[in-house]
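The two complexes that follow have chain A in common; it is paired with chain B in the first and with chain C in the second.
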Partner chain A sequence: MDLSYVLTLLVFFPVLGMVVLAFIPNTQEKTIKLVGFLATLPTLLLSLAVYFHYLAGKSLEDFSVMKHWIQFGGFGEMDKNFFAVHYELGLDGFSMIMVLLTSIIATLAAVASIHIKKEWKGYFMLFLLLEVGMLGVFAAENLILFFIFFEITLIPMFFLIGKWGYFEKERAAYSFLIYNGLGSAVLLIVIMVLFARTGTSNIDVLAQIVNNPDQQMMAPISDTMKFGLLFALLVAFGVKLPIFPLHTWMLRVHVQAPPSIVMLHSGILLKIGAFGLIRFGMGIFPEQFKTLGLLLAILGVINLLYGAFLAFVQKDFKMVLAYSSISHMGIVLIGLGAMNEAGIQGAIFQVVSHGLISALLFFLVSVFYERTDTTLLENLGGIAKGMPIAAGFLLAGAMASLGLPGMSGFVSEFMAFLGLFEEMPWVAAVGAIGIIMTAVYLLRAVLGITFGKSHREFTGITDLRKVEWVPVITLMALIVLIGVYPSVLSEPLKTTLDAIMLGLGG
Partner chain B sequence: MENAWIIPLFPLLSFLFLLLFGKRFKESSAYVGMLLTFASLVYSLLVLFERFSSPTYKQEGVWLTIGDVQLTAGFEVNQLNALMLVIVSLVSFLVHTYSKGYMHGEERFPVFYAYLGLFTFAMLGLVLSPNLLQTYFFWELVGVGSFLLIGFYFYKDEAKAAAKKAFIMTRIGDVGLLIGMILLFWQVGSFEYDAIFAAVAAGEVAQGMITLTAILIFIGAVGKSGQFPLHTWLPDAMEGPTPVSALIHAATMVAAGVYLVAALFPLFTASDVALTTIAVIGAITAIFAASIGLVQTDIKRVLAYSTVSQLGYMMLALGSAGYVAGVFHLMTHAFFKALLFLAAGSVIHAVHTQNIEEMGGLWKKLRVTGPLFLIGTLAISGVPLFSGFFSKDEILIAAWEGGHPILFLLAVIAAFFTAFYMFRLFFMVFTGKSRSEMKNVHESPSLMTLPMIVLAVLAVVSGYVNTPWFGTFLGDWLVEGNEALGHGHVEGPAWIMIVATVVSLAGIYLSWLIYGKKSLSRNWLGAQTLYKVLYNKYYIDEFYSMTIVKVTKGFSHFLRYIDTYLVEGIVLGVTAFVQTLGRLGAKLQTGQVQTYSAVAFIGLAILMVIFALTGGYL
Partner chain C sequence: MELEQLLDFKWSIMTPEFIILGVATLLSILDLFMPKSMDRKILGWIGVAGIAAATVSLAGFIDEPVTSILFDTFRLDSFAKAFKFILLIGSLFVLLLAISFEKKDGLAEFAGEFYYLFLTALLGAMFMASSGDLITLFIGLELLTISSWVLVGVTKRNKKSNESAMKYVINGGISTAITLFGLSYIYGLTGTTNIKDMSGTLMTMGGSQNQLYLLAIAFFMTLVGLSFKLATAPFHMWAPDVYEGAPTPVTAFLSIVSKTAGFVIIVRIFVSIFGSVPATGAQDALPMLLHLQDYIGFLAGATMIIGNVIALRQRNIKRMFAYSSIAHAGYILVAFTSMSYFTFDAIWFYLLAYLFMNVGAFAIIQLVGAKAGSDDISAYAGLYRRAPILAVTFAVLILSLAGIPGTAGFIGKLNIFMGAFATEPAHYVLASILIATSVVSYFYYFGIMTQMFFRPAADDSKFNIPVALLVVLIGSVVGTIALGILPNIAFDFLHDNFMQFKDFLQ
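Right after this comes the complex of A and B.
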């Protein structure tokens, strides 16, 4: 059976939703919201199908697709693949997980978009375009295609923040664009150098020939150059992750963008940084990457502690969560810095786990903001009285975030630290302070919102509505599933990890 | 025993069921919880009896694969686990029953029972764990159960603060445990208790590493068991409903630290430094908490400090290589302390205050609670023939034989203090004049008194499973087949038992003189400063908030300045740079073709020079 059309369909289905939306009058709020939500479903179903196809023991290569696209120069006569850019999509265990995560969170974010107040049509069209970009990033098999999808995510994101955000939305949008624009400029340089030197942009092929000097290449790449390229990648994806001190733009996005968009931003877009570092940094330059272990681990500990201490003194709950994201991305770096199986597996787990947890927390932010019109901690308190269920889920989300066993956060944090303690016990021991601080700042914020004296004006508020149950239950179920039965993630990741470890020579 | 894994699942079911459907059942939720914990209790008893006649049973499966390493999960029934299963499920069932009366009329009644279920599940899971990772897993979950129940009255600011404090203080300890366990893993290559003991016994782990990991793991126990200096959360945890204090903060969870040390005993005995650390911390905690208990006026806080002190006792026993003594006292303490808390709850239920200064003369009004409280008091004071007497005697013998005369002395003084403050409590609450404002004092319903009666019986008889007079069944059984745990019973000098008796009776007598007969003035020592220091718990909370809390806050604010000014400043710099670049670029667009081609030519020339110099190889 030929399944090569599946990925194209999966990635581009939201475009069909955009077309349908284009024909609906702007005033039909309900229809637009429904169509917007429905347009995310086929992608979700297809990615679930891909996952079950994999679970059934079949190969993910069934889904690979390659079509000749652009040819540069006259090299085509020598070798069809030389200086050619193909349209090629494919999946391995890691990218399959990311595609699945993206489609789940996109659907749930579409549900969360019921709280959007204006110009639904434009919102959902941009939303769907954003989803196409994110899916493409993970499914792209070559760097140029990756870059195109990467850029596709920037533009809708810019408008979504700038138009549907809060008070300082324009500033946040520009800040987002400048930073990510600079990041992608650096990324483009890396891609172009690699393409010019090797004549290919296919990720797997690059991983092979960059590390084997005997392989055919237009021009050899010196080790110094490799270091330079890797460093450029670190900057490009470091902006996205974000690595301290490149983080300030994402604080504004977290606070100013509408929560449904932050679900995607914090849940998926930040993860492209980690994905890129693992896929390209580790994949293409393993020799050089190995030497960065200590640097990454230290950067990770800085991220972890810096984010945690700052989250402790924030006044706005959204800022707490923003710094918490910085802190939690530190764990990704810690895991990568360990350079062993436990660490890298922990890093990937953290990517998925934090995606789910931050999506849950930001969904709850939108739920609370709907009813109280504030996210300032001093204006909140005692919410558990009026909304016990939402407050309970908020507390559970915080517990997941601070790494309570039985939830996904624990598995990733545990593995990352397990890995780092083998290689650099002292760095890890300093990082362990972060485990305490995470509990400190999360409890301060979450108990500040839910516990204590109830504010008078919150007495008449309603608890979760039916439609709001869907994202909350889905995300919580996934968080607990990974926490209790981590093999759902570790099994698909096995081949990817083996390949990475082989490259690292371990 | 093959099906022992089902024991924790009953309360888990109770938790999930009540969370989902509790609202519909209202106060009948209690029956769901009681029924399911009763099932756990029956099953635990069956497992215990089966364990008497058959060997340790263990079963595991793969939980997570990391490269070549397989992390497992499963369950194990050895002597210690089987005993703990019964203690936990019994106390939990009794507390479930008692709460039906105590929590009557509470709006969030089903939620309370759901949380009780969650806690019981985690605690039972903890005692069945065959490896450190799984222990840690449930270790954290019992912490959450405790956190939720301390913060049960979430709208009270004190409850909120106490819940937060409990979680954070224990988490500090937990990080120690986590680090210790990971370091040990990289030495041994496994989290399995068996593998760890085998590696330690075979000398595969360096001595320094054993000491380090053992002490780190002990830090986890310090946090959970409220040992000095991480004890401050436990007295504050009394903000939770009283049945919770009985279950979690007296009988089960706080004993988890002691259980952990006992479960890892062969690791600790491999390092003298680690053992001494445990003994010293235990002795300090025992005397220190007992001295605070002398002057507190809140009935629950006196009991809380007494718990801290008694846990210190158990640690002292384990640190003096008295495995049996520690575990024995863990068991008897679970019974008499749970009894005392439930009886205290019954008193509070009747008089609606926790301040013992406002109580008095309740003996005649609470005809059931009074005698039961007295039994508990006699047991904890170490009066002969009650359970506490036998277990405390074992501990004193262990401390003496362990070769630490100073620690032994501290333990004796702590025993004197214990007898004194417990009877101070008893006399102030039950004897003397009754207050006029307390007219409508009723005895609690039988739903509350029955569990207390069961515990009172156990507080009397549970000591007889291990006595120097009638045989040391418990001790012999506990160490059976495991050399590393030491001897079942250590023969000690007979005078120790006499000293213990005299000391405890002296404490009671002094207490009677002051609070019963009132022939001695209450400040007969005239030490007002000392009283103030003790009443303010040695100002430890104040010390922490002046130092650690302040430093953390200060550092965070410092970082905030860095973030707002330095990092943001760099950002503004970058923005300005980009803008300038843009403006310069705009200026270049002059529209003059000559300039364009000149720039292009110069650029090409530079590139060619570079190319020529490097030979195309960069």
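Right after this comes the complex of A and C.
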């Protein structure tokens, strides 16, 4: 059976939703929200189907699609592939998991969008465009296509922050645009250098050509240049991840963007940084990447500690979560820095786990804000009296985030540190302080909210409504599932990891 | 010259030029005999039909081998054909803009001239594309320049228009003098004005050191003089004032057709003459063009920085677009500097993409400017509320100018990067300036977006869009998106018909 159309359908289905939305008048709030939500479903179902297809033991290569697209420089008569950019989508274990994660969180964020108060039509059209961009990033098989999808996420985010955000929304939108614009600029330089000098942009082919000195190229790529390119990649994805000190934009976005968008931003968009580092950094420049181990581990520890300490002093719950994201992304870097199987696996686990956890926490933020118009810790104090169930889930989410055994956060942190302790015990020992700090700041914030002194009466506010149960239960279930049965992730990741370890020569 | 010999020439290859000349003459006669009160719009439509006919006749010559007539002064090679398409399509759009332009400030009196002067200017530009001799080239240049001088000042009762015409004349005069000064050195060294003979003589001359110095002077003088037409540093200062004061269709003409003509002439002269002179006495030395390319690169870098940085401070949208057009000329100069395998492709494609995105933008500037009575950027506040489709159209064009994927501008920039990186040594600095200044340009391009989408509207009045302008808008948006998503339409056209311009020097 020919399955090559599946990925195209999966990635571009939200576009159909955009078209339908365009014909609905802006006043039909309910219809718009419903259509926006429904438009994310086919993608979710398709990515689940892909996952089960894989579980049934069939190859993911069935889904690969390749069509001739752009031919630069008129070499077409000699060699159809030379300086050609193909439309090629495909999946491996890692990207399949990311696509699945994206479609799940997108659907749940669409549910969270019930809290949006104005201009629903524009909101959902941009939302769906953003989803296309994110799915495409993970499914793209060549660098140019990857970059196109990567940039497609930029534009809807700018508008979603700038129009539907909070008080300083425009500043946050510009900050997002410029930081990420610069990050993409650096990324584009790397991509174009590789493309111009080798004549191909396919990631697998590039990995072969760059590491094989005998290969024919348009122009040579020296070893120094490889280091330069890898470093540029680190900067480009470091903005996205974000790595300290490139993180200021993401604090603004976390605080100013509407929570449903932060679910996507924190859950998926930040992860593109990690995905890119693993896929391109490790995939294309394994030799050079190996030498960066110590640097990455140290950057990771800095991220972990910096985020944790600053999260401790924040007054706004959204800021706590923002710094917590920085801190948790440190664990990804720590895992990558270890350069061994456990570490890298831990890093990927952390990517998925933090995606789920931060989506859950930000969904709860939007639930609280909807009812109380505040996200300040002191104003939220004692909310457990009014909303016991929501507060309960908040506590559970925080437990997952600080790495309680049995939940996904534990598995990833454990593996990442296991990896690092093997390679650089001293760095890991310093990093372990961060784990303790995580528990401290999260408990301070969450206990303050749930059982803290209440400054105001929370009578008359409703607890979780029916529709709000859906995201909360789904996310919680997945967090626990990964916590108790990590094979759901590690099984698909196995081939990817093997390939990476082979490249790293370990 | 014998009459027989004169008739022997294959005059048919000049058909497109004859059509334009004929229509221009026809329009001037009709204008003379039409009653004063009659609407001159019909003349505009005749002009549009004439340009369309010329385009069709040019398409008929696509498979024609290189032909030259009049003792090699007028040649029809693939370079001429490819660029004439851009000139013709650009003028077609500009003339449509002119038809829908409100005739005020004394323009009503000269409405006839307003239309046919565009045609004579176009004729000049087309002669430049086809010239095989410095004399023809210079006459084409002057025809274009003098026609545009009149066009800039055609709104006689408008002070700004007068001021800009004056500035344009003075600057243009100086730059022409400098160009001629440079060209006279080449003439002095070779004793001929025919470009092909010149390159032949220079190639075999070997050249003493003194002759090379003279040639270098010629190189710089010509480069600086011609930078006037491109609006690049150091002759960019006229652009903001002239763009602001001139009637909007004329501004569009200057930024599209006139700029294209400038690149045509600069490529013609530099590649054929300086591309064949060895830079030192030795026969196997690098051509002078490659030897001195860093200087062109320096001008390109300065142009991009000046254009994009000063544009940040503009409140008048026409001035902003003047600086933006300076910056874009800088981008194209990067392609010219790198002189790689991709250079011709990149210049041609970028000019085509720029044609679409810019003419559409000027169409909207004309529409909004006429409605609001001012070109201040605040006139765009709340455009999304007043005219959503118009705002989205403008957004697409702006995104293309900013070089966001999915649009023609992005593919154009990719092509330029490819050229810059595919040479050895690669032009890293120049490419980095290009991309960094592109990110800077996000500030002012997205500033317009902020006005359109985030700000409230001052009034709710609707627009009624004239037919001619609607055609321009649809054409430009379709062109921008089609070239962005399926750029192979243009690349295949280019590669199948013009064979990399191999016949450029034949």
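Some points to look at:
The definition used in the following text is that the second predicted complex is superposed on the first by the 502 of 506 C-alpha atoms of A that agree within 3 Å, B and C clash if a C-alpha of one lies under 4 Å from a C-alpha of the other, contacts with A are read in each partner's own complex, and residues count from 1 in each chain.
Note that contacts are C-beta pairs under 8 Å (C-beta built on N, C-alpha and C of every residue); 3 or more make two chains touch, one makes a residue touch a chain.
It should be emphasised that the depicted structure is a prediction, and the values quoted were computed from it without experimental measurement.
Residue contacts after overlaying the shared chain place A:P220 against chain B and chain C alike. In the superposition on chain A, A:S487 makes contact with chain B only, not with chain C.
Once the two complexes are overlaid on the shared chain, A:I178 sits against chain B and chain C alike. Among chain B and chain C, the chain that touches a larger number of residues in chain A is B. Once the two complexes are laid over each other on the shared chain, residue contacts for A:L418 go to chain B alone; chain C is not touched.
For the contact definition in use here, the residues of chain A common to its chain B contact set and its chain C contact set are 178, 182, 219-220.
On the side of chain A, the complex with chain B involves touching residues 175, 178, 182, 219-220, 222, 224-225, 244-245, 247-249, 306, 309-310, 312-313, 340-342, 345, 382, 384-385, 388, 399, 404-406, 410-411, 414-415, 417-418, 421-422, 425, 428-429, 432-433, 435-437, 439-440, 443-444, 447, 450-454, 486-487, 490, 494, 497, 501. In the complex of the two chains, the chain B residues touching chain A come out as 62-67, 69, 108, 111, 136-138, 140-141, 144, 151, 154-155, 157, 159-160, 163-164, 167-168, 171-172, 175, 178-179, 182-183, 185-186, 552-553, 555-557, 559-560, 563, 567-568, 570-571, 574-575, 578, 616-618.
Listing the residues of chain C that touch chain A in their complex gives 341-342, 345, 399, 404-406, 410-411, 414-415, 417-424, 426, 428, 431-432, 435-436, 438-439, 442-443, 446, 449-450, 453-454, 487-488, 491-492, 494-495, 499-500.
Residues of chain A that touch chain C in their complex: 69-74, 76, 83, 144, 147-149, 151-152, 154-155, 158-159, 162-163, 170, 174, 177-178, 181-182, 185, 188-189, 192-193, 195-197, 218-220.
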